[in-house]
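Shared between the two complexes below is subunit A, which pairs with subunit B and subunit C, respectively.
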Partner chain A sequence: MKPKVAFFDFAGCEGDQLQVANLEEELLTLLGQVEVVSFREVMKEHSDNYDIAFIEGSCTRLQDEDRLKQIRKNAKIVVAIGSCATIGGINSLRNYKELDEVRRTVYGENAKLFDTYAARPIDAVITVDAYVHGCPIDRDEFLQVVKSLLLGKRPDIPTYPVCVECKKNENVCAFERGQYCVGTVTRAGCNSCCVNQGTICWGCRGLVDNPNENSHKEVLIKFGLTVDDAIGKFKLYFGWQEGKR
Partner chain B sequence: MGTYALLWQDICGFKSEVRRKMKILSKEDFSEFVNSLVNDESLNVIGVKSKGNKFAFGPLESANELRLDYDVTLLPPKKYFFPQRETLFTYSLANGQSAKNPAETKATVIIGVHPYDIVALFHMDEIFRETKSDPYYFEKRNSTVIIGVNIQKMSKWNFSPFMGCATVDYGYDLMLTDLGNRYAISVGSQKGGELLAKYAKNVTSALTRDITLVGQKKREIVNMSNQKFDFPTDLIPELLKKTYGESGFWEEHSEKCLACGSCVLVCPTCYCFDVKDNPDLSMENVERIRTWDGCLLEDFAKIASGENFRPTRPTRYRHRYFKKGKYLFDRFGFISCVGCGRCSSNCLPNIANPVDLFNDMYHESLNMGLHVAAAATPEVNIQSEGNIDYVPRLATIVRKEQMTANETLFEIKLDDSSELGHKPGQFAEISVFGIGEAPISISSPPTKKGTFEICVRKLGNVTNKLHTLKVGDKVGVRGPFGNGFDTDALKGKDLLFVAGGLGIAPLRSLFNYVLDNRKDYGHVVLLYGCKEPRELLFSEEMQAVSRRPDVDFKSTVNWCPDNEAWGGNIGVITTLIPQVSFDPDKIYAIVCGPPVMYKYVIADLKGRKVPDDHIIVSLERRMKCGVGKCGHCQINEIYVCKDGPVFNYSKIKGIPEAL
Partner chain C sequence: MKNDNVDIDVHHVTRVEGHGNIYVNVKKGIVERCEWNVPEAPRFFEAMVVGRQWSELHHITSRICGICSIGHTLASLKATESAMGISISEQDLKLRKLALHGENLQSHVLHLGFLVLPDLLGVGSVIPLASSNPEEVKTVFRLHRTANEMSNLICGRTTHPQRLIPGGFSKIPSIKELKDLRKKMQDAIPDLQAVAKLFKSLASKLPDFTRETEFIALTSPDEYALYDGQLASTDTGKTPVNEYLSFTNEYIVPTSTAKWAKHVRDSYMVGALARLNINYDKLSPLAKQVAEMFGLKPVCHNPFMNNIAQLVEVVHSVEDSIRLINELENAGLQPQPDYNKPDIKVKAGRGVGAVEVPRGILFHDYTYNAKGICTKANCVIPTNQNHANIELDMKALVPKLLDKTQKEIELSLEMLVRAYDPCISCSTHYVKVNFV
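The block that comes next holds the complex of A and B.
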């Protein structure tokens, strides 16, 4: 019997689910392996009977926790997809500000109607079995993770930084091009896709387990960034991981 | 005739030999030569091209793209022989039947390889040839023509002159030297000469002035480096040896290390790899791939249980320098660094430059008043026989016996009905289809015919999945690998087996072999311990052993929960050692257990006056390839998969990473 899968979203742009919807031919092959029972972005049907739950988005308010816990209860395997869900992502930028200020900025006069708390990855609320990092997720990596789960294998998520993939892809280092990159401390697995295209690594997959952050901040400053800009480079995606909670 | 006249004759002879082998081609004719290579569709023509403000080897579409004036390429040309990602073979997920990856039949020509990269390929050849040849590497290597070029611009990080690799007289098929309006082409092989004869027009023989010019250029190249060693580089192996234990030195130099692996990934002589299984989305076929790996990366020496044998940046940083400057030197007789400077230029915190590190090391040794002399050239004895076979043999699980909550004994029969042919203490690489391969020690003695047994703990992906397989299911088997115990040398000796936890698995192979040949061995003691009673392995067998009059058997548990029954000893394994009597001069202790166990057991055995060379240990590491190539199981200079996993303690006690 094919495992039943369901997709859920919390605070996020739904771009990760869009990556899944955009799998094109591979989507058909994938549907030969799994039965999708809930996927709001592409279908009307919904069922609470599922084996694998893919969850996109951060948890940004207390009342979302109940829904997350219910999904955890229903699913055998919970997979966080996308930076917002795996590391808090870009949502955790707001954790650097006063929450009242954040609410007033977004909701103006109605701010008091919208409760909120520090943006957090979903593993801050429930146990997560597997991660598909990235902003947005890489389609190939998503498929790798799905295949691993179907085989009963713990997905192989790199513990090394993006530099490894950059070197294998024979990219000219972003620093050599006069750019500033955080690939040295960011978890690989994206096949260094941004640097391959001539831009930089923004850090969307989060910090590696044991980053040498001080050394990398020194590198950024040595290559010409101001201290504030160097710290700013770490704020974009790493807020929650850097302890801003 | 005087000596000088003889010498002059030699020089003339040498010159005429050089002249015969050195050809001249105008730049226009050289472009034509390259274009005619490119236009031959049976050839895969690679050359140095610009990439952004850097250079890289890539497929050539025309001679115009070729940049022979480059300083250094981003990656070395080894990527064509040992690619970043390579399919070893594919197999069916349903039954494990494999199909060899169709070989690349196209002949390849690589144009523009600098001398240091040619020397690096020679190092790679030696490494991939040792013990057993790697067929994937040599298939590509043997079908490739190397057209080298002498360095015109040297990268500011290049120190190849100090490594003797700025120019080279071997390893190429053709070697170009730019002489302004023409190239001097040294023919290094028959293959190179034939290529030139077939594709180039207007080839002339070199004149004396050309030969003189080439010699002059080569002498200039040797003085082109911006880097400077403060001492002769043949001191490096001894210098390293004296600095191994200076932990402060390594901590200070690696403080800024990002563990990003850039230095090793761009290295022309690095060869470590990982092997993974990649199923297709339809879950029908799986490709087994190998990818570049690097010893600087955090999980490089980590095993499934979570134990990491090189967990800190300073130890990994040190390992890289030792591998290049000491371990490979001892094994092959060369320092495996050609001075290309790629590691230096790719290290953002600028801590990977070997010149800086070795100069610091040299000055520190002077400050400490150490006298460092060049090491004697090691005795190199590289044997190579046959090819490595990465494709496992198919086998069937014929019996499965759950031993504890997490450990199961599998009895396996090779489908071709052959014997595994192992020695006690050897291991096999077991493939679980779709998941991958893991090294597992063989638990049954070679005296058991027809099948073999493995005792497996659920730890990682492979072993977890293995536990879900049923009797009749297929697995893949490679091996046996490793040295195993020397059963002949142990004949007539008293034996003390010390097994902790899963350490009983490899020891059981020898223990049961000894029982099957009981009269050949003296007094036999078996000490076996585990954490708690429910974790005891082979409990029925152990009970039978405990009743044997010819074996002194003792077991222990670290603790016993209230709800479990245990009438025996409680305490760690070392608490059993005082309970047995033996003659320390006659006894041979055979020890296997979790990493933490060794030093305590060995200390207690030494306390009982057991000589060091009477202690034999079996070690666990991440043995990924099983054939001494992938680098994961390396303990300092030794490969556990090949030189071990069984070691005499007296041989490894001085090896810091071992215990």
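The block that comes next holds the complex of A and C.
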């Protein structure tokens, strides 16, 4: 019998589920291996009987925790997909602010109508078995993770920084170009896709397991950068990981 | 049979981007409740960008929406560039227009092929169509892949673009890559003709329903306005973009985490149908032919025809992309350095950027201090501008459906919501019908 899979989304842009749709013909191949029983974005049918749950988005409200716990109960394997779900992502930028002020900024005097708490990754609420990092996720990496899970293997996720991939790609270092980059401490696996396109690593895959902070400090000193430069960029995606909640 | 009592509760409408609910309650033939709710978790972008640098705003606000991330990036860049008096080259302008066409194609094909087609063929999703209608599904996938490849080529990624930066591009495609893209666009035309024929054969499934409303879109004397133009309304004519707040008038309703909007009536509509109604004359020749196939001409007040307007726009985007690439080739593509970073003089100011994205007109409005730090931001999202119109359409449609079964009523209401192609993550997130 084919494993039953379901997709769920919380606070996020649904860009990761879009990457699943973007698999195009490969999606049809995948559908030969699994049975999709719930995917609100593309299908009307829904079932609570599933083996693997893919979850996109951050948890940003107490009321959403019950839904997450129910998914955990129903699923044998829970996979967090995309930065918002794996590390809190860009949503955690607001964790650096007073949440009442944040609500007032957007909703004015009606702020009280809109519940919220510090944005957090899925594993801050329930146990997560596997991660597909990135903002958005990489389609090939998603397929790799799914294949591993179907074979009962642990997905192979890099434990070294983006810098390693970037050097292999022979990019000119962003620091040498006078820009600030967090590729030194960000988990690899994206093939340094943003630097390849002429920009910087923004950190969307989250901090690598054992970031080499000393070497990062050396880079700051070498290029005359300040701690403020570093903190500014760290806040973009590392808010939850850095413990600002 | 007349339906005296109807109880509809579509909690989280499916096949739309985000979470939205429909509630309908009819007692003894009288509609007691008919509501469109948006319970999506709010994300507070306008607060998150305050305190951030000008060079990051487009990266952050792109994350408002995965489907229209290119449009959000462009609206964001235009707001920042307007605030700091930054101009871009004619070549970059054409490339940005290509980026927008790429997104329009990607989004419209996804909507028509994956989200709308299942309703017209009487199934719950595109998945069973893969075996029942394999040729049609393959055609849709082929078009969608072409659109994704286009976005990838121009923007460096299909979703959350990288190459689009303040002042221009960090990297641009080569002329050879652009010529290859042109070939793909030309090859897409027969596929589009097949899709148009398919929809034509199913067009009778789209309800014949009209409710007069106001349409708002960008307009330009030079082209079918997408990247730039003046604000235009079918009720009040043209207005400069900087005065957008007098059009959008956002307000908060307790049942939705998304804001709602109104102009001179109780609601207005934005999106492909609004653009077509306002800028029909500027459509490309083949696009006009497709509009004529469906008898679609301005001013059309049937919201279900927004689907067909999207189909017309897909054809327009393909033809206009070929024209833009021809112009880039004829002018001679100017090379630029690797890791290009335009020299920008940071200054204080406020700027408004308006762009037509797949679901309608999008505004980003930023204020920066002298250090280029954002001190205030406002984003007005197309779907928010449509919420009130969706609910008023529902209120007008339900009484006309009471001779149908509850299931049929529910399907018509879901189809209505889907016709707007709502993007609820954008508006915060949204759709679902609740007959309570």
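Convention: the second predicted complex is superposed on the first by the 233 of 245 C-alpha atoms of A that agree within 3 Å, B and C clash if a C-alpha of one lies under 4 Å from a C-alpha of the other, contacts with A are read in each partner's own complex, and residues count from 1 in each chain.
In the analysis below, a residue touches a chain if its C-beta (ideal position, glycine included) is under 8 Å from a C-beta of that chain, and two chains touch if they have at least 3 such contacts.
This one's a predicted model, so the numbers in the text were calculated from it and none came from an experiment.
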Review point. Touching A:37, do we find subunit B (first), subunit C (second), both, or neither?
Key: neither
Exercise for review: Scan A:215 for contacts with subunit B and subunit C and give back first, second, both or neither.
Suggested key: first
Practice item. Once the structures are superposed on A, label A:172 by its partner contacts, choosing first (subunit B), second (subunit C), both or neither. Key: both
Check your understanding: Looking at the overlay, does A:124 come into contact with subunit B only (first), subunit C only (second), both, or neither?
Key -> neither
Exercise for review: Return first, second, both or neither, reflecting whether A:101 touches subunit B, subunit C, both chains, or no partner chain.
Suggested key: second
Exercise for review: Tell me which partner A:194 touches in the superposition: subunit B (first), subunit C (second), both or neither.
Suggested key: second
Check your understanding: Taking the superposition as given, does A:77 touch the first partner, subunit B, the second, subunit C, both, or neither?
Key -> neither
Check your understanding: If you stack the two complexes on chain A, which partner ends up touching A:231: first (subunit B), second (subunit C), both, or neither?
Key -> neither
**Study point:** subunit A residues touched - subunit C or subunit B, whichever exceeds
**Key:** C
Check your understanding: Does the superposition put A:114 against subunit B (first), subunit C (second), both, or neither?
Key -> second
Review point. Which subunit A residues lie in the overlap of the subunit B contact set and the subunit C contact set?
Key: 172, 177
Point to revise | In the complex, subunit B residues that touch subunit A | key: 51-54, 56, 74-75, 79, 84-85, 255-262, 265-266, 276, 278-279, 281-283, 291-292, 294, 297-299, 313, 346, 348-349, 434-435, 460-461, 464-465, 468
Point to revise | Touching residues (chain side subunit A, partner subunit B) in the complex | key: 26, 29-30, 32-33, 143-144, 147, 150-154, 156, 159-161, 163-164, 167-173, 175-177, 184-185, 208-212, 215-216, 218-219, 223
Check your understanding: What residues of subunit C sit close enough to touch subunit A in their complex?
Key -> 12, 14-19, 40-44, 46-48, 50, 52-53, 56, 59-60, 63-67, 69, 110, 114-115, 118, 124-127, 130, 137-138, 141, 144-145, 148, 156-160, 162-163, 165, 169-171, 252, 254, 257, 338-341, 425-426, 429
Check your understanding: How about subunit A: which of its residues touch subunit C in the complex?
Key -> 9-19, 21-22, 24-25, 28, 31, 36, 39-46, 57, 60-61, 64, 89-91, 93-94, 97, 101-103, 105-108, 110, 113-114, 116, 135-136, 172, 174, 177-179, 193-194, 196-199, 202, 232, 236
